[in-house]
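Once you've had a glance at the structure underneath, I'll fire off some questions.
Letters A, B, C, D and E mark the chains as written, and numbering starts fresh at 1 in each.
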Amino acid sequence: MKELLLISGLGVLSLFAGLFNLRKGFLVLVIIGLAANIGLSIADWGSNEVVYGMMQLDNFALSFNIVFSFLSILWFIAAREYFELDNNFSDHYALVLFSLCGGLVLVSFTNMVMLFLGIEILSIPMFVLVGSHKTKLSSNEAAFKYFLLGAFATAFLLFGITLIYGSTGSFNNAAIAAYLSNHPLPPMAFVGMLMMMTAMAFKVSAAPFHFWAPDVYQGAPTTITTFMATVVKTVAFAAFFRLFKTTFVSMEQSYQIAFAIIATFTLLIANITASIQTNVKRMLAYSSISHAGFMMIALLCMRSHTEGTLLFYTLVYSISSLGAFTILDIVSKNTDGREDLDGFKGLLRRNRTLAGILAFAMLSMSGIPPLAGFMAKYMVFVAAVNNGYLWVAVVGIIASLIAVYYYFKVIIAMFGNESEYPAFKLNPVQTFVIFVTAIGMIALSIFPGAIIGLI
Amino acid sequence: MEQLVKLIPLFPLISFAIIGLLNRRLTKKHTAIFACIGVLLSFVDSLLIFISQSSFYHPVEVTIFDWIKAGNFDASFAFLLDPLSSIFLLVITGVGFLIHIFSVGYMKDDDGFRRFFAYLNLFIFFMLVLVLGNNFVVMFIGWEGVGFCSFMLIGFWFKDQANNDAAKKAFVINRIGDLGFLIAMCLVFYHFGTLNYTTLFKPGFLSGFSIPTSTLTIITVCLFVGAMGKSAQIPLYTWLPDAMAGPTPVSALIHAATMVTAGIYMVARTNIMFNMTPASLEFVAIIGAATALLGASIGMFQNDIKKVLAYSTVSQLGLMFLALGLGAYTAAVFHVVTHAFFKALLFLGSGSVIHSMSGEQDIRKMGGLKKHMPITYFTFLVGTVAIAGIPPLAGFFSKDQILAEAFAKNQVLFVIGMLVSLMTAFYMFRLLYLTFHGRFRGTHDQEHHLHESPATMTVPLVILSVFAVIAGFIGFPHALGHKLGIENWFDHYLQPVLGSTTSHMSLQTELTLMGVTTVLIFIVVGIARYIYLTKNRVPEEDKVAKTGLKKFIYNKFYVDEFYAAVITRPIDKMSEFLRSIIDHRVIDGLVRTIGKTTVKGGQTLKYIQSGNINGYAIAFVVALILFLSIFIF
Amino acid sequence: MLTLLLILIPLISSILLFGFGKKAARPMAIAFSLIELITALIVLQLLKTGQAGLFELNLPWINGLGIRFHIGLDGISMLMILLTTLLMPLIVYASFNKNYNNFHTLYAFMFLMQSSIIGSFAAMDGFLFYLFWEIALIPIYFICLMWGGENRQRITFKFFLYTLFGSLFMLLALIYVYLHTPDRSFDIQALYKAGRALSVVEQGFIMSGLFLAFAIKMPIFPFHTWQPETYNVAPTPGVMMLGGIMSKMATYGMIRWVLPMVPQGIAEYGHILIVISVISILYASFISIVQKDFKYLIAYSSIAHMGLIAAGIVASNSQSLQGSLMEMLSHGINTVGLFFVYDIIFNRTGTSEMKKLGGIRGIDSGFAFMFFIIVLSVVALPFTNGFVGEFLLILGLFQNSPIAASFAGLSIVLGVVYMFRSFQAMMLGETNAITGHLAKLTRQEKITLYIIVILIISMGVYPKPILDITESSIQTLLVGINK
Amino acid sequence: MMQSISGIPLNYYIYLSAAMFCIGALGVMIRRNAIILFMCIELMLNAVNLLMVAFSQYLGDNNAQVFVFFIMAVAAAEVAVGLAILIMIYRNANTSDTEVLNQLKW
Amino acid sequence: MSISQYVFWFLSFVALICALMVVFSKNPVYSVLYLILTFFAIAGHYVLLNAQFLAAVHIIVYAGAIMVLFLYVIMMLNLNKETEPVKKPTIKFISVIAIGMLMLTLTASFKGAETTLSAGSTAGIGTVEALGKALFNEFLLPFEVSSILFLSAMVGSVYLSKKNLQ
């Protein structure tokens, strides 16, 4: 409860900050607040606090809470310019913080109502923020697509919830799980489960419900794309996992098939399509979809307690892509807004640090040891083989090979000699962020136990 | 004793090292001294051993160091000294020394002087290792080493790619033989678990294994393949004539006296195995006979003085293998010894001729050299008589012994052998007459600096000719020997190693044999004399078209062309095909296609992402339907 | 402990070079490599006297996944480490006649590579081995990418993807075995036990999974197509690392991770691997015969040799294993030598097409002679290191399958054909416009070649010390296999 | 006869709302006018609401009807945001036809 | 066949027809009007299901608020012209097929739904009192949380629709 109050309070506060225009200090305040949130979650560790029977702050919730709070701290720092340049920064702060509230709800819900509300609270600010380049049509388009399809998916989610309710007579996850495990499974429940699954798959942008993602990611301001690709995705996956773990355990056989299909689909489609992208931003969007595929494998193997794996994967992936997107942002700012590969040509010559760390990020995402991305993928593969999904693992391997292809296109471009743009310097904040991500990528690969051990 | 044995190969090695390391800092004189001293010392050494051994006999084993040791395989670098090897030692070092002396004169104004002697010494070293080795692997060291040296020496004048080709050809063909040798070694180790002579050839060791004869046959045949390569037998003989591209002393030492007899040494060394497999013995005999015949017949029509000698070497080696095949190991070795002397002599003679003809080798451009270079002529004559097998010179005895064996064991082979020796007599005297008798046919400036070679070259000739005369008596025929009370020392000496295989025949058969051969040979010589001296016919130029059999033989039975057509070119074609088609197109193509298809797939898949919002909705619903239908129906 | 030291020294030197090497890249590099070499020699001595505790290091790492930081040494790995540490100074010194930009970065990458390669040789934990195996790939990729030649991007990427492809299947195989260990552990002994417990068919699959990775890395037919191009495009130090050292990771992996883990699999399906290897011997040899470019010739000849080594390893008896190890060693040295010769010629003439060259022996006979020694070692003439290896290999292979051995033996004939052909084309004959005024060898080049030649001869004449290093380990290995 | 309230079986409601839901979905799939798309979404939500209420009645459970409140609330909020986005688009593109929103693809 | 059933059929008929008209009518304004009709029909259904309070809320929220908002926007941006060209028949076709399939699968899955239902007492369902209790006891947290939702929606829509005043 405290956490929720804290973050929402921060949000409200930011609105007032807008009134009194304390632009400078507020970032610090937000960071402190989020740090406090982390602190609170650590304090609550192990105490499975139940909030009005609608949320439960168990370790799963808390750990994911810690992770996305940490990520958003990094994000806030990286996004400083985005906030400062825009004249109504307080709205942005408020919206982001509100969506974080949604995130908190999503990682800890124990009731369908909360799932529904959480998703909405998470999404609606996002709809707005995606469109926050008001004058750019592409940004508007992204917002519109995201909004409309989001609402569409929500409708399906709701229909699913209704059907589940209709067949089990409750909105409470535990009650539903109990009912389903004690009674013969009604076909209506199946349909409900599938509809909810599709809706969630849409939220985590898993194929074939991923179509919105590339467009939205590309259209949105890079900063927001970063937020969506890291925090929102993490939260969505946590919710997805939580939903099926707590509610549909007894339908395992059925949804595992579906998950396997979704995972393989996602891996193949996303990677193959990504391999021909020339716009780096869009390519990274596809890559985030493909990572969704890997995380789907973690979900698929829910039976063997892959919470740790999922947590680790989301963290690693988010850190890598946070670094990647941030660097992309910096580069495109320094190449008068280019986002395609040519903007990256000869980056090594122009700024060694940037090139080096982007190379790190790329290697990590493509799962090359010793970087953390490899560890993450490795755990996923182990889980898959362990649950007898060898073929899924093989698909994963092929996918990650294709992935190597497009990630390395960036590296090759960077390490090439020809470059049309002048060298440039980094400001300390950016340097700080990307170095943190780099350290994260290495540290996580050396001490993965620290994260997996959590849950 | 051990120390002495160790020293034998050491001297040439040392002198090689000295010459090799400080070659430019060494004057030609010193080089020559070092080189000759090295060989001389090891000659003296082996002579001492020989003397101390001839009185009492026991084989000396010397292990120098553990060489290759892996699991139950153990090949130490060890020497074995027994009569067989000591005979070879003497021949190698002795003849080697003389040829060194000769080379000093022959090569004196060649700027590769030091290189030359370095290689010669190295060769002597490897040759000694070959004959001294106490197991197959050590023998293999020498075996390959001499091949390497012969490569270096054939291609001595490396600026001319023809020589290099000849050298490469020699090495490659030798390698084919070596492969046989290698496989034989593997087989031996596979079946008997050791490659050590003293263990293997311990009486009753091999028979103790009860290995099927077929296996042994394979082993022996493989060994013989190795011998084919080294000793230029059909089908691997073609390298030897080309090898004449090297300096003449090289031809004398390597391609007449020593290296090419390694094959005979090997077969003699493993005679116990061969004795257990009559089939392969027969095979050896046939190959030998065929080679002898072939070599001789080609030799009759050659016009290059060295080529003639080369083919004669081939045929003589054939004779030796014939003897081996008949199980007359002693006879074979005996012929090796005598042949070493007179063939070396002949080659050196030809060398001195070429030297004074300033590089001319075509006998059609020679003639009447007798008066210009008497010593050479005389020694050459001795050599010719010896090889022709006219008593009482060395060749007569050895060849006679072989023929006798053949006569006793297999009449067909005897006839062939006889034929070969007659042909030999013919072409040798043809050579002699064309070169030294008649009038000079060369150019004028050639004529007026015709000269007798310097002492360094003539002295070895003389010494060798002496040996060519007397060497025969060490192996005096048995029956006759009994009569005259001269025992066949050679047989007796080698008996412990090669066993007494000589079939004893009655006195008169032996005498009649000798008589008949001698008479026939004289007739042939007469014919030769008539053709080339009385009517002094000269072989026509290459331009003149030859016909029928003559043409066929003159072109060496087109064997090289045949090999080129059947082996070399097809391999090149196949390789090119593999390279350009299989490797680039098929295999790499496959790899590339995978990459291409991925990108293609991307190109097509991207159109699903139509950017149209209704499309996305449709996709959403359709996917949902699919999932539903999976579970409902 | 000492093993860790062996891994750490290059790592630290790499970091130092990267950080502060800009001024004095060359001296620092050679110094570091020599330090490493000396350390390795000391370790070797200690290993002979043999207090096992000194070398074993077994720390917990990722408890949840049964992964431990477990490194150790035995004769085999020691020999491999020796090869690495021996070649490293040679390669560094050989590169002194070069002048790349950011030389210190290049060296840093090389040392990083050395470190990880040594790690993979020392790893006693499956996961750790895989980790090192992969890490080694990154520096060489960047070396080729940043200092490579014509259209390096495509080629080096192909190389990277190709090897990654293989190693991912190795990973899958390892995971499979790992999941069959009772207490979920990657420890080598546990993996051995689990692997041997598997059914023959499973073992076959595991074997092929691992073999795929190793075959690509070696490489052998038909997984070799990345190699000639990569060798051609890579800078000389890189290609020396690649052909001299890195390919040995694969063969070592065969010995350490395939033979003892899936013995029945080898016994059942090993002959297939042998056939593949022998095919690759002949295939590569034939292709080498018609190669026009010397660098490609080296590439293909090394494919042939790796094929022979692979066949010998699969045959897995003490002769063939000893042979394979010896051959790895000599192949490493010879490859470095050949590439150095290539480098010398290319630097001077700007071409490595053999037809265009010739007559160099007439200009610099010493150079020609040393080159010829290397050639002889490649064609396995007795008293060169090449012979010991190949002889033992063929001998051992023969114990396993005579036919295969006989075909493999053909390589000694074909080898002569193509090596001598190239030697003749480049060194002999008359000089021409290109080679006409060729500069003689510099001191540095001479010394490098001297070292190589001395190594070749000494190892060929007296290989016993080297064979002794591995003998006992191989015996224990074989005992394990035949159990 | 618990299954039907005043003689109307539950299935009827299920089919009815399913049909409405599908019609709404169809609208989203075929229409291009943004406004109408929004309306179709509303249709779908209403279908859900109807079903909720029906279930709540048949199960005799209030929760569903409370849930309907939330749905309504969210619907309202969504519409607000959606229309805001629409207005924004209209400012830039001067149309509510979704064909213009086709810059981002492939 | 009781009266309520007649009412049910009538309302359902109206609702579906109007829904279809919403989808297929060219002019947005008509769509809005049809939608309102649909809402009324649905409200009728609520009444039929004796959830009168909900019916009232429904009318107020949808017809009262949302639809007005729609109309307002349409008028403001005067979208009330029939600009939309007919969609590609293929798309239409696919969509209709898809929807048919969806309908089919759904109905197929609903077979025997009622048997699964164990009905409780219908007494006092949907009364204001009951709903109020539920809302402020067990659904308190969602109620509070939805305030965050509204806040963000408000902020967002204001932020988006106001002109940038740089």
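The rule is short, and it goes like this: a contact is a pair of C-beta atoms (placed from the backbone, for glycine too) under 8 Å apart; a residue touches a chain by one contact, two chains touch by 3 or more.
Remember, it's a predicted structure, so these values are computed and weren't measured experimentally.
Shared contacts of chain A and chain B, meaning chains that touch the two of them, come down to C, D, E. Ranked by how far their CA centres sit from the centre of chain C, the chains are topped by E.
Greatest centre-to-centre distance from chain D is found for B, with centres as Cα means.
Ranked by number of C-beta pairs in contact, the top chain pair is D-E.
Closest to the middle of the protein, by Cα centroid, lies chain C. Rounded to whole angstrom, the centroid-to-centroid distance between chain A and chain D, based on C-alpha atoms, equals 27 Å.
Separation between the centroids of chain C and chain D, computed from CA atoms only, is 67 Å. With each centre defined as the average position of its C-alpha atoms, the distance from chain C to chain E rounds to 71 Å.
Between chain B and chain E the centroid-to-centroid distance comes to 104 Å (mean Cα coordinates, whole Å). For chain C, residues touching at least two other chains: there are none.
Counting partners per residue, chain E has 87, 91, 95, 98-99, 102, 105-106, 108-110, 113, 117-118, 138-139, 142, 146, 149, 153, 156-158, 160 as the residues that reach two or more other chains. Within chain A, residues 113, 117, 120, 124, 127-128, 131, 134-135, 143-145, 148, 152, 166, 169, 187, 190-191, 214-215, 405 each touch two or more of the remaining chains. Interfaces, counted as pairs of touching chains, are A-B, A-C, A-D, A-E, B-C, B-D, B-E, D-E. Listed in rising order, the residues of chain A touching chain E in the complex are 4, 8, 11-12, 15, 51-55, 87-88, 91, 94-95, 98-99, 101-102, 105, 111, 113-114, 117-118, 120-121, 124-125, 127-128, 131-132, 134-135, 143, 166-167, 169, 183, 186-188, 190-191.
Those residues of chain A that touch chain C in the shared complex are 308, 363, 368-370, 374, 378-379, 381-382, 385-386, 390, 393-394, 397, 400-401, 404-405, 408, 411-412, 415-416, 448-449, 452-453.
Against chain B, the residues of chain C that register as touching in their complex are 158, 162, 221-222, 225-226, 283, 286-287, 289-291, 317-319, 322-323, 359, 361-362, 365, 376, 381-383, 387-388, 391-392, 394-396, 398-399, 402, 405-406, 409-410, 412-413, 416-417, 420-421, 424, 427-430, 462-464, 467, 471, 474-475. Interface residues of chain B, counted against chain A in their complex, comprise 595, 598-599, 601-603, 605-606, 608-609, 611, 613, 615-617, 619-620, 623-624, 627-628, 630-632.
The touching residues of chain A, counted against chain D in their complex, run 112-113, 116-117, 120, 124, 127-128, 131, 134-138, 140-145, 147-148, 151-152, 154-155, 158-159, 161-163, 165-166, 169-171, 214-216, 218-219.
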